[in-house]
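What follows is a group of structures, each given as structure tokens.
In the two assemblies presented below, subunit A is common to both, partnered first by subunit B and then by subunit C.
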Partner chain A sequence: MTAHSFKEFLLLSVDLTAFEETDLLGTGLAHQYLAKVRDACGEGVVTALLGAHRAARADAAGDAESPDRTLLDRALRHRIFSDDRLGPVARNVIKLWYAGMWYGLPPEWTDCYEARTAAETSTVTAASYQEGLLWRAIAANPPGAKAPGYGSWAQPPRIEARYLKEATQ
Partner chain B sequence: MYVRFPEGAAKRTDPAATTDVLYDAVIVGGGIAGAIIASRLSAAGKSVLILEAGPGEDLTLKGYEGYLDRFYSATSKDNQSPYPVVPNAPMPRGTDARRIFPGSPDASAYIVQSGPFATDTTYTRVLGGTTMHWEAKTPRMLPEDFRMRTLYGEGADWPLTYDDLAPYYNEAEREIGVSADVEDQTYLGVEFDEGYVFPMKGLPLSYLDQMVAKDVNGMPVELDGVTRELRVRPWPQGRNGIPNPAYNGGKGYVPQGAVSTYQVEVGGRCQGNNNCVPICPVQAKYNAGKTLAAALQSDLVHLVAQAVAYNVHIDEHTRRVTEIEYRHYDQPDSPGFTTLRARGRLFILAANAVENPRLMLASGLHGSSGLMGRNFMDHAYLLAWALLPEVAGTFRGTNCTGGITDLRGGRFRRHQAAFSVDIHNDGWGWARGAPMTDLIDLVDAGGRYGEALRQGLVDRVSRQLQLAFMVEVPANPSNRITVDPAFTDHLGNMRPILTYDIPDYTMRGVAYARQLSKRIFARLGAEDHTEYDPNFWGYAVYAGEGYEIRGGNHLAGTHMMGRDPSTSVVDADQRCWDYQNLYLVGGGSMPTVSTSNVTLTVAALCLRSAQAMLTQLDAESAAINITSKAAAQSRPQEVAR
Partner chain C sequence: MTASTIHNRDDLIKYLHRAMVLEHATIPPYLTAYYSIHPTTNSDAAHIIRVVAVEEMLHLTLAANVLNAIGGTPDLSRRGFVPSYPTYLPDGECDFTVDLRPFSPEAVETFCKIERPGKAPRDSSRLVPASDSHRPTPVSSPTDESLRFYSIGEFYAEIIEGLEKVADREPDLFQGDPTRQVGPEYFYSGGGAVIPVTDLDSARQALQFIADQGEGLDAGIYGEDGELAHYYRFRQLQLGHYYQVGDHPDEPSGPPLNISWNDVYQVKVSARLADYPAGSELARAARDFNADYGVFLALLTKAFNGQPSLLQDAIWHMFRLRDGINRLVRNPLPGSDGLHAAPTFEIPTAVGHDPGASRTAGEVAQAVTG
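This part shows the complex of A and B:
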């Protein structure tokens, strides 16, 4: 595992999850997640996924530092999410970060790309469940861990205003 | 109070040595019922042997952490996920339930279900019993629940009244450590002693409850000619809150903390982990390990774990139980076991409302009334789910803090079942596996990622409202537990067979509950997403409408108490009419399950029975010869597989 591919995996994860790099590193699980994807799907798939992400970023590169959001969204859809091989893996990376769990890929995928280990649903470590980003996204604690304290449930949830947008439309 | 589970207490008793001891009482089962009786008898100087089917190390620090780790690592976080699979003392699991087709019972899991209705009801066979994973709602029964036959012509009357049980409710609330406020719990005839306060103050309602209350409080409901106004009310809870200084005439109350570890940050107040079922990580929630830990401080209490009661032996001449034969297995999954026997003056079956009659029937003891195992009751749960118009921050707090209790009682019970309603802080978790199913759906089907995913999650999950209607099921002799030598477990014990159907009386309550949920959602401006799947294992059709019905885990009725030996199995003291020195205790003794979660009532009944047992022990001091013909040989054996 090279330091370079780890960096690229983080960048990909930021785009997929909308959590900042520091948040992702803060889970302490980024290395294990990359290793999990490698173990499950094989080196070839990981290289292709990171390559496709690099290309998507290049498609979207504006003049400034950060990419053009609309272009990036389109490039990710075209290059990754709609791809038979990469789409299911990218969606699994999202779920890995959000739920701390690798969801088994269907036999159509594993048969086609010869990575049978990818078919098994498994947790990464006991900690990965607790670090799932899902709980942070909904301003709750993972049931059974990171207790928020007596009576905290009586207060409104601390969800950033921009995520409330859709709900109050 | 800080009591630690005595290190090695589960192992200090040598099983082989106990066979020559005559105990004052032999108790089968180390759940709350068995633990309470053991603690009260030993406190009065009586010797006690507890036989526990599950492994015994679990209440030490290592054991409890093992449960937690197993839970965190489990890919399926169902309500038995923290607990080890022990083939020698198997237990039902919520995920076992399968659709039952007429004529073919489902024997794939521990409880053989012959239907016609399938249930996912569970209990836990580990030391501490099912309270290890209960949710710990602790409402009292209503006074009218004890007089259902007289008042409404449905179900049965108890040989006890609310007033008879009230002092024991007080004591049970102390033992469990209940957090609640008297002003919230005084309704539909429930009254408290002058000046009574609960040990701890009520837990605050969740933000979600408060949002529901804004619109539901004051909602008029007309039923059987009576109009009442609904109100969101906090539930009394068996979990640590803020001690009430006014408790016990101003002496206050000291909460019982975690028993398996030193109290650093654990064992204090409920911290809102939202994980009470299946396991509270900090033991803020009561479990019977707390009562056991206190009882085991006494040398008078012996505990043999990995001991599955196998046969109750009786002497037909004296009408007394002579001994209980049990199988002590070497390892949770190994076939090796030793047959041993336990002797006592009194025998107390506290193995729960399925296992008590299972053991009796497997011993050939059907009861002179023929009612052993009959009148199985549980609650039928109907769920209804919707999205609130605003973000309510679902998934925070204990599993459930508030509910609607106004339809627990009333004259309408002549025609249809009563119910209570839970507002679930864990959203559509029970109905549809939220929030993981929402995540998967948004990502896989919705094509969401990044910011759109985060917005989608808040929109879909944080607005969830799930109401759970807990509907009463009246006693019916054809709903029953039986056994059959064709169905045994690894250790050779006959497995329970459940025959269960939901009566129309309950279905009328279910149908009404669904209508009410629609009205409530409309009043809240919530989008109703309730949809019942005809392929669901618990799908039931009534008056042309289909419903998903789930099990309630509130087992009752199978050795019902009564005034008349021909229509009941035990008397008001839970003493078996047929055998003078045998008590069957727990939910099985209850003639009605009504609309309260059963455990507080089970605890109160056991506290009351402990008095009767002490009286009997003091009255009967005749010598008992402990070498009986039926005595089993203690020799190592292997199960033939």
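This part shows the complex of A and C:
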């Protein structure tokens, strides 16, 4: 696993999850997640996915430092999510970050792309359930883990402003 | 014999403010080491550090109780309450500084020094002249900065003697409002029973408890209640075995500890905000943590100033701080050769704090809003 592909996987994950890199690294699981995708789908799929993401970023690159959000959204749908091979994998990467699980891909996909290990649903580590971004997104603790402290339930959930509906882009 | 440095209530108040600074100052180093440990590894070490850190929180609360009992006003939000690490932590000799370190032999070495038993050979050597080259530290005498204590235990012995002397002369020394005391209804599961302080006996009991729990002053490896003193808890990490009753301090004979020095996030030692890339997400996360910590200290200040029930809220604040530290230590710190980020404990001055403190707020306001 090269440092370069790890960095690319992080960038891809930032675009897929809408969480910042600091939050993704803050789970302590980024390396395991990339390894999981590799194990499940094979190197070829991962390389293609990262390549498609690079291309989508290029499509959306304006003159500014950060990509044009609208263009990036369109490019991601065009190059990744609507792609029969990469789309299901990208959706699974999102689930991986949010739920800490690799959800088995359907036989139509695994048969077609000869990656049978991708069919198995499995957790990554015991920590991945706790670190699922889903809990951060709804400002709740994973039930049974990461105790939030007595009386915390009397407080309103602390959801970051940029994730609220009225937040401006 | 060195003359007593405590003559009246004001002197005692200064000493007790310093005691709170001292007790708190040990907590960031313990937390940094504790949270640097990879989850699910090093459970022996994590447990030892955690127990000690929690007991320091009890000591902080006990010191606040004694300060309140004599009519003082605890203030954890004032500038300088949290030292700038590395700091001299004071046990008189100034032969070491305290860093914020990942769990490592060096960190354990420092922890042992912080907690080491230090009974001055004679009362006359309790206070030793401080070298001029050093800044005042929490355990120098607050009433005579040229003197430092031989050890933390001796620092508390001085306060206890001072309390006795002043109480004798000023019958109304314990004039504090008893409703400001933090009792067991507000502080529990926290390293022992909290002692409300209303008179000389309870004050003595509270301070002696702090000294005993830390170093086992005069009491050997175990305290009076059979609890292993902090120093010896940490020695177990150095010696590789748990103590059993009857053991010689150098030869614990209990089961071996399972320690894996490599299962640790190698966080940068005593990281500062200046070590973070300017304007980065990570720098923002570090500043956010410091701001949260400042809010937490302000909450404790309120709790220790007549609203002890606020300690209930302090609980979930601490859990949020835990999540903040975990997030930081898992992030590599760019430009630091693979070392990881860590909380810096550079606390921005609270907005709306007392006027005396806000005078100096200008230079740190950036940290809150940036």
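We take it that the second predicted complex is superposed on the first by the 161 of 169 C-alpha atoms of A that agree within 3 Å, B and C clash if a C-alpha of one lies under 4 Å from a C-alpha of the other, contacts with A are read in each partner's own complex, and residues count from 1 in each chain.
The rule is short, and it goes like this: contacts are C-beta pairs under 8 Å (C-beta built on N, C-alpha and C of every residue); 3 or more make two chains touch, one makes a residue touch a chain.
In this text the structure is predicted, and so the values were computed from the model without any measurement.
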After aligning the two structures on subunit A, examine subunit B and subunit C and state clash or fit.
fit
Which touches a greater number of subunit A residues, subunit B or subunit C?
B
Thinking of the overlay built on chain A, is A:22 touched by subunit B (first), by subunit C (second), by both, or by neither?
second
Give one of first, second, both or neither to describe whether A:152 is in contact with subunit B, with subunit C, with both, or with none.
both
Report for A:126: first if it touches subunit B alone, second if subunit C alone, otherwise both or neither.
both
Mind checking the angle subunit B, subunit A, subunit C on Cα centres after superposing, to the nearest 10 degrees?
70
Minimum distance between Cα atoms of subunit B and subunit C in the superposition (Å):
6
Hey, what residues of subunit A end up touching subunit B and subunit C alike?
126-127, 147-152, 155
Parts of subunit B lying in touch with subunit A, wherever the complex brings them together:
68-69, 71-75, 77, 203-207, 210, 241-242, 269-275, 279, 281-282, 390-398, 401, 425-426, 435-436, 439-440, 443-444, 447, 449-451, 453-459, 461-463
List the residues on subunit A that touch subunit C in their complex, please.
20-23, 25-28, 126-127, 146-152, 155, 158
So, in the complex, the side of subunit C touching subunit A is made of residues 38-40, 281-282, 284-285, 312-313, 315-320, 323, 326-328, 330-332
Within their complex, subunit A touches subunit B through residues 15-18, 76-77, 81, 90-91, 94-95, 98-99, 101, 103, 121-123, 125-127, 129-130, 134-135, 137-141, 143-145, 147-157, 159, 162-168
